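Listed after this line are the structures, all set down as structure tokens.
Both of the next two complexes hold chain A, though its partner changes from chain B to chain C.
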Partner chain A sequence: MGRMTKRSEPYILAAIVVLSLLIQARSGQFFSGNNLVDLARSLIVPALFSIGCMMVIVSGGIDVSFTAIASLAMYVTDRLLLASQYSGNVILAYAISAGLGLLMGALNGFLIGFLRLPTFVVTLGTSSLFTGLMFGAFSASASDVPPSIARHGKEILFTATNPKLGLTSNMPSQILILIAVLLFAFFLLRYTMLGRGIYAVGGDETAAERAGFNVRGIKMFLYCFVGVLAGITGIARISMMSYADPSTMLGMEMTVIAAVVLGGTRVTGGVGTLVGTISGVALMTILSNSLILIGIPTYWSRVFTGAVIIVGTGVTAHQIRSTRRRHTQSQKATV
Partner chain B sequence: MTADKPADSVRRARGAHDPNLLRLLVMLVFVFLLMTVLRPHQFATMTNFNSMMRQFPEYGIMAIGISLTMITGGIDLGVVGTANLSAIIAAKFLIGSVPQGSTPAQVVPYLIIAVLLSLSVGLACGTIAGTLISHFNIPAILATLGTQQLFTGIAIGITSGRPQSRLPLLYSRIGNTEFFRFVPLSFVIFSAVAVGVGLMLSRTRFGTSMYMIGTNPRAARYAGLNNTTIILRTYMISGLLSSVAGLIMMARANSAKADYGAPYTLQCVLIAVLGGIDPNGGFGTIAGVTMAILILQFLSSGLNMFNNISNFYRDVIWGGVLILVLVFNRLLSWRNERRAVRKSMVK
Partner chain C sequence: MTAPILKVEGITKSFGGVQALRGVSLEIGSGEIHCLAGENGSGKSTLIKVISGVYEPDAGRIEINGQQFSHLNPKEAIGLGIQVIYQDFSVFPNLTVMENLALNMELMDNRKLMNYRRARAIASNAISQIGFDVDLDERVENLTVADRQLIAICRALLQEAKLIIMDEPTSALTKKEVKALFAVIKRLQSRGLSILFVSHKLDEVFEISERYTILRSGENVASGNTEELDRKTFAFHMTGREFADEYYKPAGVKGKPVLSVRGLTLRGVYSDISFDLAPGEILGITGLLGSGRTELAETLFGILQPDSGGIEIDGRAVKIRNVKSAIRRGIGYLPSDRLTEGLFQPQAVDRNLVITTLDRLSSRLGFLRRKAIAETAMQWIDRLSIAVRSPTLPVRTLSGGNQQKVVLARWLANDLSILILNGPTVGVDIGSKYDIHALMRKLAADGLAIIIISDDLPEVLACASRILVMRDGVFVRELDPSATTESKLSELSTGIA
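What follows is the complex of A and B.
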């Protein structure tokens, strides 16, 4: 019992079920095939971002620059491929974008891991730097995508139709990327020393260092990983939209952070799961996709994001305090 | 590490002999001279000074608010949201209640109520953020990221995202008053705020306890300080200052808008860090922050005078400067640590 109440995944899953039933009752369209496919479709990009974001928060840091990295990486890749009139495999686009993301992530990693600068201020600075470069040096504006990315965007796994409304929705192939990244992150976090190191650093940095973890290296890897992931996400996004809009992802970092926090990731570091994170993203996506269905104007969506961050962090802060109190009480009891 | 270290660090924080202040002064003079040489007929003119004095008070006051929270080891990322929300509520009140065609004398009481209303909204916003941080122990970054979304969200919600214009003319006329036809009212307010907060930090018990909490919260609690109340009050002051900035923005734009001044958050954090406020808490002075504000305004106005520089390069410069200052401060503190170790070994 105690174990169940301390975890947050059950609560989020319950919230998702209740919310789905509520929307189903009001609109009758929630459990239709095409709505579920639409939800999965709008989940892909925030879910990809959230994996890296969760790992950073688990390590005790916070990153607000991943959307800026994704935007700059995908935009430069897009212009590069357009200029070279490349029309081969889309893998090259992913590779270039991931490489650019790696470079930008490495800058964050160097500043945070090696110079030990505060993560929030650093990523706030680099995000301004990257967006400024994109709009200034590359004078970015919405542009076409090269043929390889356009073709990639039309790859569909299956199509769901809603016989009542006659609507169809396509499941994009980019969901395979999400699944692959999830599997990779799962093995990394569970079965590798590096993954355990991320949790160790977030739990107590000094203790992790004394236990023999290479804290600098772990942080460097982490921010590089976020960069690579952001680069990949950028290409996935523009291939699904089939045009490259440099500002489409900016500002999304707040909802992603909210979703990660909602998913039970402890903002003080050391605790967080992939299942919780993806459930958090799912809940946020359902909320934002369905606000109109439940009769709330979209103007109020930011109030939701804010409330979710505050309530989510408040709950984890409360949990930490009550476990600590229980610890001291049991210590007193044994003495 | 001798016994007089804490007292030493408090004195240094108050700026008795702060090498950082000297560096900032040199930087300020350098930027000023650089811009004067590059754009002699535009930069060092009375018109430009006047326009700069109109521009910086709104973000300068918010930067002072953020700096206070950073001194206690936190941060307030909700300042821009607070400023907009309090301005919008004041604007809604004015638009909704002042009868058409009233004389200036009739409008004055409404203006007083609007100002008080906006200040209390700011205070309430600060109380919310402060309570979340001090009572519920939510990390300041996330709590205020949340309040920023919340306040901006409420501001968008109650206005449906539309700007609130058609304010009574008297408000902007008073707000844009210029003494001696040169010194704007907003500049006078900024100076009063800077001097007042500076004195509070350096001359009062409350100011000293803020530095102590920022240096070591646990030690501060054991020394008998009530951390909860002090942190709560700090965020309340930050909220109050943000609403003052909101009133100034409302007067300058003659309207209030939910997404006004979005880049100010980054700019304010940059000012605080550039001004020598340690993001980990415990260090920094208002004198440093004020100089950082002036440096940024000189740079910003100077860049405006180059037509071929896109506005977006400002983002690059702000971000780049922020990181360079962080790196520089870190290298400097490492060097000082090494020197201290060497000195103690010689002894």
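What follows is the complex of A and C.
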């Protein structure tokens, strides 16, 4: 008996399977090609956000500013490209947005890593700063996207059709970005000392310093990484929507954080996996997208989402407590 | 003595006008187990940090393996084979045993990538060096404190340690674990390593070390062969005070029992516990961890509910359903873990002192009367002679003994008739320990009924007027402290003759 049952990934995967089977049994529509493609499509943006978010939580911090960074970065990029009437490759859009995200992330990283300010307060502050700049200094409102981004939004990998209902869904090419980022993050977290350092800092910061990890550097990297990722996610989002709405991502941060925690990432830091995180996002996406298939109105899906968060995090908390109890008991027994 | 591996001479170090070390010397032979003893604030930690290169001394010489230094940096110290095992072990609770062992090595080698096969080889080599059997893939947070310590030791060995400094290594261990640790230390010694064992526990100093150095107020006060040391001189050197062996004889037990326990049973934990306690008595309950002693105390304080049996207070049968009802009936409880259970660590001393009597210190409208609070706090600080520079400093800045006094004061402020102390001097230095003992005797003489639960046998002998030995959840014997010995007590509580 062991390690497997203490992890939360199996539980959340089981929850996904049960929920999908249930929706399939009632509607017969869940496992249709177009529904699965729709789900994948809705998953891309929150999943991209969740990867950086999970890494920050693992390091013992919290970041609530990534949606603000994504919004400001994509909006400035969008206006720049429109103003310069650039019509070349979309890579430039991603590069500019990622660069802007890097700058904003570096501000977080500096305040947190070097001035040692608390992460929640810093990112709450910068989040407000960035949204304020966007609506104030740039008086942002919904805008068109430049041709490069518009073209990118029409690139599709394949189309799934639902013969019964005659519906079609396109798999957007942005899913490739998600896959690439996932592979990168997996390699980083598992096979580099930098990645192991993120876990070490989340486990015990003093011990990490004594062991010789560059703790400041690790934090700086983390918040910069989140910034770059947010910049990229911003462009992915507006290209899929074909217009740049500055407020489309604002408020998503709470759902993303909830999905990350639901996926077994420990809020106190040190523990979290990509598999768990993506499963958490997937479960939340199914709840908000597919319940309508069995006739549950959209506003109810919020109720279900809330319930799942409470039950899910509650189960995790209970697990931690009971392992601790078992632990102290076995300690007593050996005496 | 063999050639010294470490020799420090005339080390002085001050921090902003406070002289932490005044010309301290220390010499450790290779393959020697040396004990560094001293009260809190005697300069032990500062000396360790000078040796490990964390602090630069103001004056003095350090000689390691014949090489002279005026100061070191941490990397040089590690390179010379000096390893410190901190009290918190500096491990990563969330990572596996394997990573905990291998990460430091990999960082020292400046590796950028993590190679799990190499890490596993490093880790299994490390644990095999001391014959430590542990699952390399287990997370360290799931291990016992003792195992975490062994991991810290293995990690030190990986970096080719020649001198391992252990800072109070036994403070969180059970007796059995201490034995196991000592076996490991002996094993390291047989391989030629030197150990600097920092402790203020006399028994351990006697058991493990060959030579000792005692510091007081930043100065050497004694050093020599441990064989030639005895309990009284040790306590004298540590504190600079003479202590007489004391027993507590109640001046005459005053009247009827205030507490009577009859056949109290909590299934699987303790059973058929009966005793009486009269005002002026100090009842000592001793037993090993897991004997049910703490659970018994928690039952009397209403934290746990017994399955059967009865409790009488002042001759009336009562049910103590929760902590509140225990307090209302005049029972106070000082938990063994004052850090997590007793005090608001970041809050000021005065606030901690008055927290239990706030209703008496506030006006009719519910506003706090600041002046009354300050006065009450000062009264307690005086009465229990709590050493604190200002009552507005946070409690965590106090020494263990003074923290314990703060907890005591809080209880005494309520009209108390029964006080239960669980391990009242765990982690407290000798001077404060004697002070707390004296305070207990005084409180009992004033008519309080006290139960002291402790596995510190000399403490039970010195304080209790009656001793009950608990083993596997039952009382095995009642003893008169003046007519018994430590070894008799230990025999009864372990069941091993």
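FYI, the second predicted complex is superposed on the first by the 317 of 335 C-alpha atoms of A that agree within 3 Å, B and C clash if a C-alpha of one lies under 4 Å from a C-alpha of the other, contacts with A are read in each partner's own complex, and residues count from 1 in each chain.
We take it that contacts are C-beta pairs under 8 Å (C-beta built on N, C-alpha and C of every residue); 3 or more make two chains touch, one makes a residue touch a chain.
This is a predicted model, so every value here is computed, not measured.
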Which superposed partner A:R210 touches (first chain B, second chain C, both, neither): second
Greater chain A contact set [chain C / chain B]: B
Touched partner set for A:R302, first chain B, second chain C, both or neither: first
Which of chain B and chain C A:M249 touches, first, second, both or neither: neither
Touching partner for A:L124 - first (chain B), second (chain C), both, neither: first
First (chain B), second (chain C), both or neither touched by A:G195: second
Shared chain A surface residues [contacts with chain B and with chain C]: none
Residues of chain A touching chain B in the complex: 62, 111, 115-118, 120-122, 124-137, 139, 254, 257-258, 261, 267-268, 297, 299-310, 313-314, 317-318, 320-321
Touching residues on chain A, where the partner in the complex is chain C: 3, 190-196, 199-200, 202-204, 206-208, 210-213, 266, 269-271, 323, 327, 330-335
Sites on chain B touched by chain A in the complex: 75, 132, 136-139, 141-143, 145-154, 156-157, 160-161, 266, 269-270, 273, 279-280, 310, 312-320, 322-323, 326-327, 330-331
Complex contacts: residues of chain C adjacent to chain A: 86, 88, 90-95, 99, 103-104, 106-108, 111-114, 137-138, 142, 144-145, 174-176, 288-290
